[in-house]
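Order of writing sets the chain letters: A, B, C and D. Residues in each chain are counted from 1.
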Amino acid sequence: MSGSDDKIDLTALKTFSRWTPVTIRYSDQDGMGHVNNVAFAAYVEAARTMVLKDLMERFPRPAIKFVLARLAIDYLREIFYPGNVEVGVRVVGVGTKSLVTGYGVFFQDYCVATAQCVNVCFDMAARSSVPLLDSIRHDLLAQIDH
Amino acid sequence: MSGSDDKIDLTALKTFSRWTPVTIRYSDQDGMGHVNNVAFAAYVEAARTMVLKDLMERFPRPAIKFVLARLAIDYLREIFYPGNVEVGVRVVGVGTKSLVTGYGVFFQDYCVATAQCVNVCFDMAARSSVPLLDSIRHDLLAQIDH
Amino acid sequence: MSGSDDKIDLTALKTFSRWTPVTIRYSDQDGMGHVNNVAFAAYVEAARTMVLKDLMERFPRPAIKFVLARLAIDYLREIFYPGNVEVGVRVVGVGTKSLVTGYGVFFQDYCVATAQCVNVCFDMAARSSVPLLDSIRHDLLAQIDH
Amino acid sequence: MSGSDDKIDLTALKTFSRWTPVTIRYSDQDGMGHVNNVAFAAYVEAARTMVLKDLMERFPRPAIKFVLARLAIDYLREIFYPGNVEVGVRVVGVGTKSLVTGYGVFFQDYCVATAQCVNVCFDMAARSSVPLLDSIRHDLLAQIDH
């Protein structure tokens, strides 16, 4: 993936300027008494939809969606109900047809998980992936450099 | 709710001729180590959508939806992962603008929960509830008598 | 259910003094594009666990749990991602062996759903339901009168 | 990760001899009308717990758990309610303190997603990761060679 920056530390609070709060639910727990891994996928999604919504509002193209192609979560610590997580999100990579977002999931200022997502630029009418517009590409690359 | 039949025993296997299997998921469990109550709402929904799909296919009216107005679940026994539940469903009541469905959730031939749902006949264009067609009403009443 | 008070209006903000916020998740939506009915069961649970935790802390009896026996939800309005709901909760009824809690789910100050839950006082060691202690019963009845 | 075999094709039915069926739920869908990405994490978990259960039964060590450290899912195709997925699972890698499992999620004989999970061998009493027993390590390596 060209433009992906592995030096971005997703476990550091200062990496992120955009945050999404999510309340932990009782039903997020599993038989181990801690929050189940599946719930983290929903926490990450809450932050991802904020980034994509922002992108689609600033570069409106009704026929284009950013389809999730890959989700990878690294679990660092257990967390327990009740409470809230804060999910930091930022762009960490840009490809020809895709963008890569990075996530830090924090609970009481500890990083409890990190994640990366790849979303592919997809033309819903043509049913195929398409290159990112140059204007979007430049905007995303500028976000990585911050 | 006119036409609702309280004599229908939702805990009996023989009450139902229509069944929907649902696999229990590890993440359905909660901190108590048993299946969480929220998961039962999803089990009931699996069976409810089957009934409504059948109704909408036999009486096609694109502008009409059967909107869920009420869900009530009675929890009778704990269940544990892994395994499957079988959800029995049948019509138990018919109102002027609504139908009432009854459910028995079975695990290894034991009834572990029963449920009732009220769905209201709703005109999506007019954004208001509307009476059931007489043809649907008769069809539903015939199902109760079985 | 003795002591249950049907005059308590669960659709009114002023009915509740205890509130639990829950963030709506993207995955709470369903194919209709609105929040799925199952998610409401998780919203109600968030508030219910707060009430039961408070009760178990003020009247500690390790062998006693309040087991959910019934959940009934009335759906009043659609809601959409993103946003938060605020779930109001209060005691609305007391039985010999059970308590009844009432819920109002609010989105942007509109009541979008109400719910009632019955929890039974259960001795985990004896594996059977037991009467509420008089001290708990009086405490709960006092909460209804407020 | 030593011993991980990238030549194993997770999109091929013949790669797997162990299968876990999971029923798709109506509430697995999201606002796009297809099954939401979060649900796939639950499908993968259904298969993962089968492998770990088998391992813990054949090599019983009560103080040792295999804690999920990483989950990565590649989404290949959309799927829609209703129906079932079949999740194939096999060991694809073995480290000093961890095992790597690979997954193929199939819908109507098409591979719709693949996944990899890393589980770390963890001593619950000592609260730290520990090496895999040689006997388990050999067993897992033999599974890769098949």
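For the reader, a short list of remarks on this structure follows.
Methods note: a contact is a pair of C-beta atoms (placed from the backbone, for glycine too) under 8 Å apart; a residue touches a chain by one contact, two chains touch by 3 or more.
Computed from a prediction, not measured in an experiment: that's the story for all the values here.
By number of C-beta pairs in contact, B-D leads when C-D and B-D are compared. Farthest chain from chain D, judged by C-alpha centroids: C. Centre-to-centre separation between chain A and chain D, using Cα means, comes to 22 Å. Chain B and chain D, compared by their mean Cα positions, are separated by 33 Å.
Chain geometry summary: the mean Cα position of chain C and that of chain D are 37 Å apart. Residues of chain D in contact with two or more other chains: 26-27, 36, 38, 42, 45, 81. For chain A in complex with chain D, the residues that touch the partner chain are 36-38, 41-42, 45, 67-75.
On the chain B side of its complex with chain A, the touching residues are 26-27, 29-31, 33, 36, 38-39, 81. Within the complex formed with chain A, the chain C residues making contact are 21-23, 25-27, 42, 45-46, 49-50, 81-82.
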